[in-house]
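Each of the next two complexes has chain A plus one other chain: chain B in the first, chain C in the second.
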Partner chain A sequence: MLESAELHFNVDHGYLEGLVRGLKASLLTQQDYVNLVQCETLEDLKIHLQTTDYGNFLANETNPLTVSKIDTEMRKKLCKEFDYFRNHSLEPLSTFLTYMTCSYMIDNVILLMNGALQKKSVKEILAKCHPLGSFTEMEAVNIAETISDLFNAVLVETPLAPFFQDCMSENTLDELNVELLRNKLYKSYLESFYKFCKNHGDVTAEVMCPILEFEADRRAFIITLNSFGTELSKEDRETLYPTCGRLYPEGLRLLTQAEDFDQMKTVADHYGVYKPVFETVGGHGGKTLEDVFYEHEVQMNVLAFNRQFHYGVFYAYVKLKEQEMRNIVWIAECISQRHRTKINSYIPIL
Partner chain B sequence: METPFGAGLANILVVLPARLAVIGQPERRRLLSLSVTEKRLWLAMAGQDLRKELDSLLLQLLRDLEELEAKRVALNTRVEEGWLLLAKARYVMGTKSVGPLQYPSCMEPRVFVRASENQDTMQTFRLVRADAQTPEEVEPREAALRRRKGPNKSPEPELSAAPQDPLNWFGILVSHSLRQAQASFQDALQLAADIASLQIHIDWCQNQSQGLREKLRQLDSGAA
Partner chain C sequence: MTMGSMFRGEEVALVQLFLPTAAAYTCVSQLGELGLVEFRDLNASVSAFQRRFVVDVRRCEELEKTFTFLQEEVRRAGLVLPQPEGRLPAPPPRDLLHIQEETDRLAKELRDVRGNQQELRAQLHQLQLHEAVLGQSHGPPQAAAHIDGPSSERSPLLLSPAGPHQDLRVNFVAGAVEPHKAAALERLLWRACRGFLIASFQEMEQQLEDPMTGEPTRWMTFLISYWGEQIGQKIHKITACFHCHVFPYLEQEEARRGVLQQLQQQSQELQEVLGETERFLSQVLGRVQQLLPAGQVQIRKMKAVYLALNQCSVSSTHKCLIAEAWCAALDLPTVQQVLRDSSSEAGVSAVAHRIPCQDMPPTLIRTNRFTVSFQGIVDAYGVGRYQEVNPAPYTIITFPFLFAVMFGDVGHGLLMFLFALAMVLAENQPAMKAAQNEIWQTFFGGRYLLLLMGLFSVYTGFIYNECFSRATTIFPSGWSVATMANQSGWSDAYLAQHPLLTLDPNISGVFLGPYPFGIDPIWSLATNHLSFLNSFKMKMSVILGVTHMAFGVVLGIFNHVHFGQGHRLLLETLPELIFLLGLFGYLVFLVVYKWLCISAGGSALAPSILIHFINMFLFSRSPTNRLLYHGQEVVQYALVVLALAAVPVLLLGTPLYLLRQQRSHRLQRRPAGGQDKDKAKLIDITDASESGWGPDEEKAGCSGDKKEAELVPSEVFMHQAIHTIEFCLGCISNTASYLRLWALSLAHAQLSEVLWAMVMRMGLSAGLKLGVQAVMMVPVFAAFAVLTVAILLVMEGLSAFLHALRLHWVEFQNKFYSGTGYKLSPFTFAAEDE
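Showing the complex of A and B:
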């Protein structure tokens, strides 16, 4: 089927693929990061970023410059680029791009619900929502009392509607239930996205399916790690694991029984891909499991650009850009806290 | 001819009343019955006692200062570590997921500082958790009386539910960096209470040593 991809892809999506490859080439290089690390203040950081593709994105910011403002402006810039892709895309790329925004929508819904629990004003929360995941019904999220309310009244018209299948219940929304809702929604979303890519077939499936399998397994590991010492029961934990990864079904069953990090590591050792990943945890520099997973993700996303005529480049670009934003925010935090020992813990991309 | 003892005697007669003012009745009667030489010896020994006390006080002061320095360094390290771990938590969980949106604008404290005075009128500070068992000041009889008075007595704040763990503001499944940050800040809190107590003890030691030096000066100017 390779011939059909090469023949027809550029008709509908060639322009956008060219654009995204150009944007990927303008990601920060190792030299840029070295310059950023040497900054003494956030103003210096702003000046150095002006020489990169970021340009004057902080020009309208009032003093004093904070890390939160830098993060918000970077997000807005990414959102502008992504909206340009979405506005110029045709099916099935449009559906693919919509799938990409769903994860941000889920985060925004949870942010709004937690904000309602803490009695924050909707305006305050809306200002901090991720722009990639904005949808028109966002302001109404905080009035819902139970999950069925939330679905029937607010989210039934949004792309998130099909993911509510397993989450419907009449329980009131307290912290535990909000956390369970977040993870169940994400599990449905990931499995649905995986099915879409697989059904599309072609190079897209070859590139996207391993990436999404890793994402599912990563979530399973991180949920397990974070649930040690909390009130989340093992049965509840099992319902949160996405099933579209390599760990399904044996690995997930073993993970449900794990009670500490070493037992988790034993489960990972059964899988050739994850054994070396877990080996590098700890080590020199005190890398956490999350750090190691981010590095692995960056590797996979960079490799996605080696194939042509598939939608994975869009997904990979957005994820790499997010990692770059995390790197810049980390360097900015180390500079503003004047604590430079761990400033080199960013993950270089190019 | 001026005898060496003559001058000494005159001084003793000046110094003794000052010394007598600070000692009790039985001692006074005993002193007045001593000879001049014996009186001079007594003054020298009193001076030596004072000097020994001053020495031990100064040593205690220096020890406390060293401990204070060490505790200050530890406090700085823990607080810096806590902030960096918060930044790490933001890196993993998302910048807007660990911030002012998550905590309520009016919080209930989980830890209280209790100041108590000991016999030297020196204050010490202790940290008391909000969900600790019945406070020591309430006697069992009083508690029984409260219960007998019935529901129209205003509810005591200590018996209400303990405030929730602030870690849950950020969700149930939070990153380990956030938990470690909480532990760092809790240690820093304990260190802060210790430093406050230590500072008060140092001030007290300084005042005591000041007083002792005054007395010694009077004694020396009298004996010279």
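Showing the complex of A and C:
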């Protein structure tokens, strides 16, 4: 494809790109984190957050302040920004943004189905759903009894519909099936998103493909790790791996055979990208694989801002903001539970 | 305010305030009312939540939160908050509790009433929806369409006589759903239980107010008839997830009617109760309206005071707070008086005294409504370094003048002047200040600037003799065509054959003398009008430019004298002046000399200044070019040599002087004992407060220790080299840059000429009958007027403004102005009072 993003990108998306870059500058800095960590109570945390771009977002919360209130408000703020992007976006950016919400929608659907299985009230679950992935038919998820039911009745009109192709079955929905469904949906979602970015070409492809490749591989690793010691057969496991990552096909085949963490690590050692990642696991500070992956993700997302004229910045911004929210929640949890020894294991962004 | 304070920033002192703990709050709040001091943060290293008064700040914030709630409620009720009246000082701290209690009580009351009202409205809404659902005219439900009468609804739909379908019966779900969800609901129902239900949707007839937002919406009512328990559950789940209001739907028509009547009665009763509640609500809101505006201002002030107090440090005895603040030396007595007054109750007096300071103080230049826009032009480039010469007073004249040189036209200038005059005359009307339009505010803020710009444009317009591009004949022209015609015997036939005639000033009586003011109007008839004006305007630009720049260099002298850097007078200003005046000043001299001494009679042999000026640098001569005066070449050689000799002085003078001075300092200090050294340091510090903030060498640091600090020779040389190169090249390029005066004024004149010729002249010379012509002139003049304002006034005006700005910022100010200071931003409640 002709390398021409520079010529016409700004006509349609220049404003939003400028906006997102501006918002990126509002991410908390190292100094902010140092100050947050020193807070004694959540009130202190609030006062400190007021001096950042979060501003008065907690001003109208009734006392006492809790971690979940902070979390909800932060999500709302992000959601508001994202909705602004979405409302002002033009094709194909709007499709791109829809793709971004799909992952949250999948999570929400699964969360609701799990809730229904455990006979929890819908309201309770709804509070836990991510606002970025909410849609009108969401609450109706619990009327479905089989996956095809779910698809035909509830989700056929949502952007999630295309991802159901591979996972239609008449199995009743129990917890294992729901988990399998999540992974299958995710797999086809990632592959579809990857294809979209690849087809779009230009800088967007150059930036987004590595990020999505990493995302796919991360899922493969995590699925493998979580399947150790469960009844999931190796064949089933293989069907869950997203095939758009760097591990495909050879690495995935090897991963299928892996039986414990060390074997997984041997697989990762074949790949220049993942070798250093796995090497830092359990090093100083006892980092988990998840933490290490998060760190790597943050790094990739920050790098996305080094290029111009592409959609990756939107993805990167939302992911960075998510990470920042995880950090703040972590710090807030540590503060509220007076568990300060681990307060420093947040993942710095800038 | 004295006029002198415009010339350079006022003396600003660092003041230490000792505020007795008991009176600290009152003192700071009084200082806030006064708005003269800028607090320095003494706790910069302490984070926001570890400061002393953080609890009080937090309480103020709590209160503000309640205020926001009240304000929001008032706004929601469609009421306007009155502006607070009178002067509202920050309330004493003990009143905070009182205010808080009162506000909280009010807020609680409001919340209760609001809650009640909300609840009642929700109930009413529900009732109304129910009414609508029951009253919807679905007729007999379609499901039962082919069954006669409601009594037979119990019989199976299909005519299956008996068997497993015996218990199959039609059930109903009726309810209402928000309109935007209706389509999705309908589709989902169809997909989830296809074939087992019939749903009918209908828009409600009247709009209902949403109980939460108060927005009117037209709900959709629906009636679903279905078969089977399973489906029923599903439908209930689905309607629940779409937040539908579902109501029992009786099968008998009469029963429904009965319920409907009951509902209507209920809703009537409810409406009465609601009316009562709303009356009470408006009473409470009325009280809020009274309390809120004053409370908001007071609490904002209180919070500001605590934030200022948070910047103070605590004395070792905990008896007083110590604050450091910048304050104009002139205002110090006022500040001290206020502090004494406001701490008199506490028994211990608050004190303010000057302390020596090592940092560069902020710049304070007081402005009034006239000078503020000119100061704004200067500050937009950079706020002056402390006590540096302020270019603003000169800008007041030079800026409008240089603008007018580019914009010279009596008509356009007059329009601009009248526009500005209207703004100036109306400036005290509240509507003017209240206008929110940003573009308007820009114009309004610069009204005095526009006024002068217009006035000067009228002046230069007279000089150029142009009014909407037409020349005016105020005085009789200095040229006599009649004499010329008589002298050279132009016959009628000759005149008919020759459209172009030449007037020869050498024939006596043809040129009677220069026009008394500006350009002779006869030039507007001449074909060589443009070349005459070009020569004039080009020379004028150079003269103005060199004068302007030389003035800039001279202003530098005041800086050097003030900062006690006498060496720079000799080593910088003098060589700079020699270079500038020796080369370009001489050019100006040549221009003026030629104007004065070469008359029309000698015009055939007139020497070319350009050739002379080039030859001056080449040390050569051209035989065809006559000398202007006797001994010209000697003078020119001398000037060039002098100017070139000034360059090394400028380049090396200051650095060498500084290094020598540093060496001698070091030699002096070494033998001195420890005590002496301290003393010397003290003296130095006091010295520094007077003279420590001069530009340049100085960039090495402006702290009191700066004399101790090593001057790095390479840096000093580098800096001076840059300065020298900038100045010398600048003299050439800046002089050329002033030619924009010529270019822009030419462009302006030509553009207005074109507009006249293409619009007005076309209209005037259409050669129609008088009546038709007059009617046609209306649109023609309209076009002329619109284009004049849009292009010649606004567009050209902006362009000339921009170039005048550039000439000031770059060509003028770089000769003496560093603009690296920062403004004094005093702690003041003024903004809160507004």
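The rule is simple: the second predicted complex is superposed on the first by the 347 of 350 C-alpha atoms of A that agree within 3 Å, B and C clash if a C-alpha of one lies under 4 Å from a C-alpha of the other, contacts with A are read in each partner's own complex, and residues count from 1 in each chain.
What we mean here is this: a residue touches a chain if its C-beta (ideal position, glycine included) is under 8 Å from a C-beta of that chain, and two chains touch if they have at least 3 such contacts.
What you see is a predicted model; the values in this text were computed from it and never measured.
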Q) Which chain, chain B or chain C, is in touch with more residues of chain A? A) B
Q: Could you look at A:D53 and tell me whether it touches chain B, chain C, both or neither (first, second, both, neither)?
A: neither
(Q) Contact-wise, after the overlay, does A:V156 reach chain B, chain C, both or neither (first, second, both, neither)? (A) second
Q | Which superposed partner A:T136 touches (first chain B, second chain C, both, neither) | A | second
Q: Check the residue A:I125 against both partner chains and state whether it touches chain B (first), chain C (second), both, or neither.
A: first
Q.
Can you tell me which positions in chain A touch chain C when the two form their complex?
A. 35, 38-40, 43-44, 47-48, 51, 59-60, 122, 136-140, 142-143, 152-154, 156-157
Q | chain A-touching residues of chain C, taken from the complex the two chains share | A | 47-49, 54, 58, 61, 65, 68-69, 181, 184, 187-188, 191-192, 234, 237-238, 240-242
(Q) Looking at the complex, which residues from chain B come into contact with chain A? (A) 80, 83-84, 87-88, 90-92, 94-97, 99, 101-105, 168-169, 171-177, 179
Q: Could you please specify the touching residues of chain A with respect to chain B in the complex?
A: 67-68, 71, 107, 111, 114-115, 118-120, 124-125, 128-130, 175-176, 178-179, 182-183, 222-223, 225-227, 229-232, 288, 290, 326, 329-330, 333-334, 337, 339, 342
